[in-house]
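We just call them A, B, C and D in the order they show up, numbering each chain from 1.
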Amino acid sequence: MKNTFGASVAVTIFGESHGSAVGAVVDGLAPGIAVEEAFIRHQLTLRRPYGSISTGRREEDAFQIVSGVFEGHTTGTPLCILIPNADTRSRDYAATRSLARPGHADYTAYLKYHGWEDYRGGGHFSGRITAALAAAGAVAISALRGRGIRLGTHIARCAGVPDRGFQGELTAEIAALNDRRFAVLDEQAGEEMRSRIRAAAEQGDSVGGILETAVTGFPPGVGEPWFDTLEGLLAHALFSVPAVKGVEFGAGFAGADLTGSAYNDPFYLEGTTVKTRSNHNGGINGGISNGMPLLLRCVVKPTPSIFREQETVDFLKGEGAVLRLQGRHDPAVVHRARVVVDSVIALTLCDALALRFGTDWLKGEGT
Amino acid sequence: MKNTFGASVAVTIFGESHGSAVGAVVDGLAPGIAVEEAFIRHQLTLRRPYGSISTGRREEDAFQIVSGVFEGHTTGTPLCILIPNADTRSRDYAATRSLARPGHADYTAYLKYHGWEDYRGGGHFSGRITAALAAAGAVAISALRGRGIRLGTHIARCAGVPDRGFQGELTAEIAALNDRRFAVLDEQAGEEMRSRIRAAAEQGDSVGGILETAVTGFPPGVGEPWFDTLEGLLAHALFSVPAVKGVEFGAGFAGADLTGSAYNDPFYLEGTTVKTRSNHNGGINGGISNGMPLLLRCVVKPTPSIFREQETVDFLKGEGAVLRLQGRHDPAVVHRARVVVDSVIALTLCDALALRFGTDWLKGEGT
Amino acid sequence: MKNTFGASVAVTIFGESHGSAVGAVVDGLAPGIAVEEAFIRHQLTLRRPYGSISTGRREEDAFQIVSGVFEGHTTGTPLCILIPNADTRSRDYAATRSLARPGHADYTAYLKYHGWEDYRGGGHFSGRITAALAAAGAVAISALRGRGIRLGTHIARCAGVPDRGFQGELTAEIAALNDRRFAVLDEQAGEEMRSRIRAAAEQGDSVGGILETAVTGFPPGVGEPWFDTLEGLLAHALFSVPAVKGVEFGAGFAGADLTGSAYNDPFYLEGTTVKTRSNHNGGINGGISNGMPLLLRCVVKPTPSIFREQETVDFLKGEGAVLRLQGRHDPAVVHRARVVVDSVIALTLCDALALRFGTDWLKGEGT
Amino acid sequence: MKNTFGASVAVTIFGESHGSAVGAVVDGLAPGIAVEEAFIRHQLTLRRPYGSISTGRREEDAFQIVSGVFEGHTTGTPLCILIPNADTRSRDYAATRSLARPGHADYTAYLKYHGWEDYRGGGHFSGRITAALAAAGAVAISALRGRGIRLGTHIARCAGVPDRGFQGELTAEIAALNDRRFAVLDEQAGEEMRSRIRAAAEQGDSVGGILETAVTGFPPGVGEPWFDTLEGLLAHALFSVPAVKGVEFGAGFAGADLTGSAYNDPFYLEGTTVKTRSNHNGGINGGISNGMPLLLRCVVKPTPSIFREQETVDFLKGEGAVLRLQGRHDPAVVHRARVVVDSVIALTLCDALALRFGTDWLKGEGT
């Protein structure tokens, strides 16, 4: 299905970096969800580059809701959001068109589209498309919030610097994160991360990181035993966040070295609620939510656009070449990817919930 | 779509641990693929428990091809394989029905199926179902081989012991792996792993590990930029392998600490073929294969069935409980999961290839 | 997705006419639906050929539930039903393998499967496969009945003889139909139909007909405005009933000659329930159910297997030929197709309901 | 999947009658297809109301290609077309909001969307949305033409007046049709139809009709034996054309009264090409194309918007009411629906072809 994801709540994205607009269609949302334009704007702001640690490209990200919203609420019919592209400088890219940027999709786009692709600024592969995901995701996040489901993502690691983990009352941690432009739990770690990003930028280089997400209030009993496991659905979507190269749940890869007795999450009762003492399974057993918070991490590779000389090929001429990148690029995207991660998780969870409980379930008036 | 996966080549699995049989239907395979019963048997043998490092349950895994094969070749219509269950001892499970085994799906199955689930031996959540996946996957592996695509998986880590990585000529490494019951590249590491598995078993405990897969000969230009990225499709399927809690490609999570200049894979020409010097992207750029080997890893958590006392709840009585597990269980499944990983990868790749090149593409006589 | 249909409740069918068995997997059914083996047997009996108006092939249609049922109820996991093939006489077909039977799929199967198809008795294209649909459909019909939804189909026309239309209390009409082997509302019309079928058979010829289905108790508000309209979903599935070449709802094709004032169904209130005076729209407006009975018809073409000499080609030799059919064939299938029509409608409605109201909705205890 | 249709080439539509725009996203089109803006404009013109036989609403149908086209050709990435709504008079509709128009979706929309729907001018249910389908379909029609596949639809019947059937050289007949605003093969029949439409309009009434489509040059071997039959896919899509209540292939419902010997299409050889003498099966056997022209018909019910007094209910007040419709409405839509039928058929065929032959197949330079 390609650029569409979801069985009951489905999102379709379109657009190119230097076309007239990028956009998304979200279909299957329950009717009656309040669409908060201020919150969409907030999410787009979080995604937008800023300060010295980001690309010089500055987009207003004015968005237009084309359909699916009436008198401030979702209608239940397809919701289309458009985000016009304004600050495009196509002349930056034409010269290097067939010089495959290492780590980028220039060469694979050519293999797949045989030269018909819009190569300007990464075309349909550009991180620019994620503005549409962020806008669509904002509506999904609102919908979840209306049912008491909250999610938040922090930069668990960046340029080798670890953030502290989630601790204490998760919902409060999440709430705090959502207002931070550079989403860390430990501000000092954040300071150090930004300093290393700047240092890398000065050397024409880039850095990567790890994003960690927690979801609270997610109902138990959602997900399928095979194929459409909650992990499988979330991972499927998350690999669409540009630069993500790995996804893990709960203890993740570190769990490989634990014994079963250390890894297993003992069940206990808190009142009549079944909980687990630890959460190495990330809130999911057998592909199905168990009522504990969902916990997952994804790795964001270092931004491939660097300003150092790189070996490459000119795939049209069929000869080796040296690449000296021009243009505007981010020395890190992990802090901007955060809101995109939240967005695709929220859209995926809306889909799983609608499948499980029906298309009206998400229209609840909230907690 | 739940227990079905794939858009052009789709696999559906069914069965319970203690029902009459488990099985799979593979639909959309090209006609004319040689179905090698000996190879299916071989794959089922690799999945089967053996020796002192596995459960005492011993299944013959006699399989029956119900449909879709005629005169030794696929017909192109749905291929159904059944594997009867023989060695079932249902009495072992009835007593502990509502004692949620930590790390297992007993409790989430109850949440989802409200008590109607077949709880015997894990029911539809049992690793037993993977015999059907292994059988279906064997046909997919044969189909890929017919087009010169090979894949192999080794136990990159088990109980804290690392195997050596792939090196030298990948296709030869893969070929060697496929005949090994305990799939390591370094036999001494394998010896140490098995010794630690036995040690854990003696203490009533279990261990986990990491599986690493390489795919050679995969055509470039396959996969989609968003949502149906090659990574997303593979990860979606891999989380159906029981106990998998994380999937990463290329440098994976370790890549978070690299700089862009170290991570980027420089392109170069070998004759007229574009290659990359390193392969930190695991053969995939922008969701699309680039012609280099696909490289991925998944983490297999320590087997949740352990024989130590565990805290839990009785979810029918709504009270705390202590669990002392009976029955037959594996102290490790990572070595058995290997063939299941190969299977779901092969099925997923067949689907991606059929979508890209049409339904007949896989029937080529090939190398 | 080919041989799978449905987004939330999905059915997959497999098997060949002369293979070991045909079967179906139904995935996504709510847990806790009573599975009445006697009713499955009843439905298979209705589908089975009988008397002088059917093929001489006589199958016991013993069925085996392989998975998804535990202690007499659905578990919520994939339900696989197998129906072994017993009375197969493959020798009848080998000689005429490449003589394309007019109106049959022999030639198109060859075009699609390039000669690898199992050609014996129609292979995967055989009406035999519908036994699996009938068995799977029986469970869906039970599920719908549990929520007060009833459906029934009569032979509205056969060999030029019309049955009377539905009249009076629809649910009673439906109940009466379901016990009739030759499903007509007017027994005298049925007598005349059977007499014409026998007359056609004596001349080595065959006849067709029209099936009309009514569904009562179907909830309003189900279906989508575009693409997944209730009409579109039902028609999609119904064209899988062999020999169906047209599907119409409400007034159908006859409605082309009405004026809007005659066609429109005026709304009125019966107590607090909104009803329509006429039902030319077949219970569906804008793709969505309106609470009135669903009404639809499909045309079943005359059975293509006739015993008269027919002009054809031998597609392997590439030359013209004359076909004189051997074997066992039905002079009419419209009366047998009835139960298959009910089955695919029931499966499709279960899917639409599960999407709308969630996966648990169909497990209600109901009327 | 609701407002999205297709597995390999998928179309998503969005918009409301009185929102800012309607639009479509087509994903999965091969790269390199020439996008002829003049042809899109032509198709939109054919769909547009005109003269005395149509609604007074006049839209410019200026369209904007937002993505997926670069230098005049498809890129292979999602193609989004927007058509702004200009001539909207929302005041016409507010007063009658909860008076269910008989034959319309007002009431079912309310049942499904619980009052959150945009009710102005039919909202998302408006025929206005088909402008987006016509624009998207124009690209699909061009793509098919590039491979020598042509399709055309005529008004086979309108207001009781029959057009003559296709005869002689089909491709020439199709070519002639495509330039006609009122698509009939017999101009005199067309004259009579228009006269009856005007007569109905004068009486505040409306008429219906039947559209017949022929497709030439479609490759044999496309379609699936079960569920995704070519008939099932086409019918699924066609029921999205507003007012379509029935779809039939080849001889259709009239075939019910034929004998098998009259219905069967004898095969013969023309050179090395296998053809059939008649085409009662509409070019499809067993769900798969046989190389003959595809032939299908769909019935378009009389436009439900009439100006006569109609009995109805006010579903918000819960009381009976009399409806006297205001606003601008068509006394017939069958002539405008023609281009929408062509569009959804073309999109569906592109999907089936891409699944069968791969995503690049449609980019051929062709005739």
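Throughout what follows, a contact is a pair of C-beta atoms (placed from the backbone, for glycine too) under 8 Å apart; a residue touches a chain by one contact, two chains touch by 3 or more.
Just so you know, these numbers come straight off a predicted model, no measurement behind them.
**Q** I need the pair from A-C, A-B or B-C whose contacts repeat those of C-D. Over half of the residue-number contact pairs should coincide.
**A** A-B
**Q** Looking at chain pairs B-D and A-D, which one is connected by more C-beta pairs in contact?
**A** Counting C-beta pairs in contact, A-D comes out ahead.
**Q** Between subunit A and subunit D, what is the gap in Å from one C-alpha centre to the other?
**A** 38
**Q** Centroid from C-alpha atoms only, then distance subunit B to subunit D, rounded to Å. What do you get?
**A** 45
**Q** Could you list which residues of subunit C touch at least two other chains?
**A** 1-4, 7-8, 13, 77, 112, 124, 225 - these are the residues of subunit C that touch more than one other chain.
**Q** If you look only at subunit C, which of its residues touch subunit A in the complex?
**A** Going by the criterion above, the answer is residues 7-8, 77, 225, 355-359, 361.
**Q** Report the residues of subunit B in contact with subunit A in the complex, numbered from low to high.
**A** Listed in rising order, the residues of subunit B that touch subunit A are 1-5, 7, 13, 100, 102-105, 107-109, 111-112, 124-125, 129, 157-160, 200, 205-210, 220-229, 231-233, 235-240, 242, 244-253, 255-269, 272, 274, 276-277, 280-282, 284-291, 297, 299-306, 308, 310-313, 315, 318-320.
**Q** Which of the residues in subunit B end up touching subunit C in this complex?
**A** Listed in rising order, the residues are 1-4, 7-8, 10, 12-16, 19-23, 25, 27-28, 31-32, 64, 66-68, 70, 73-80, 82, 112-114, 116-118, 123-124, 360, 363.
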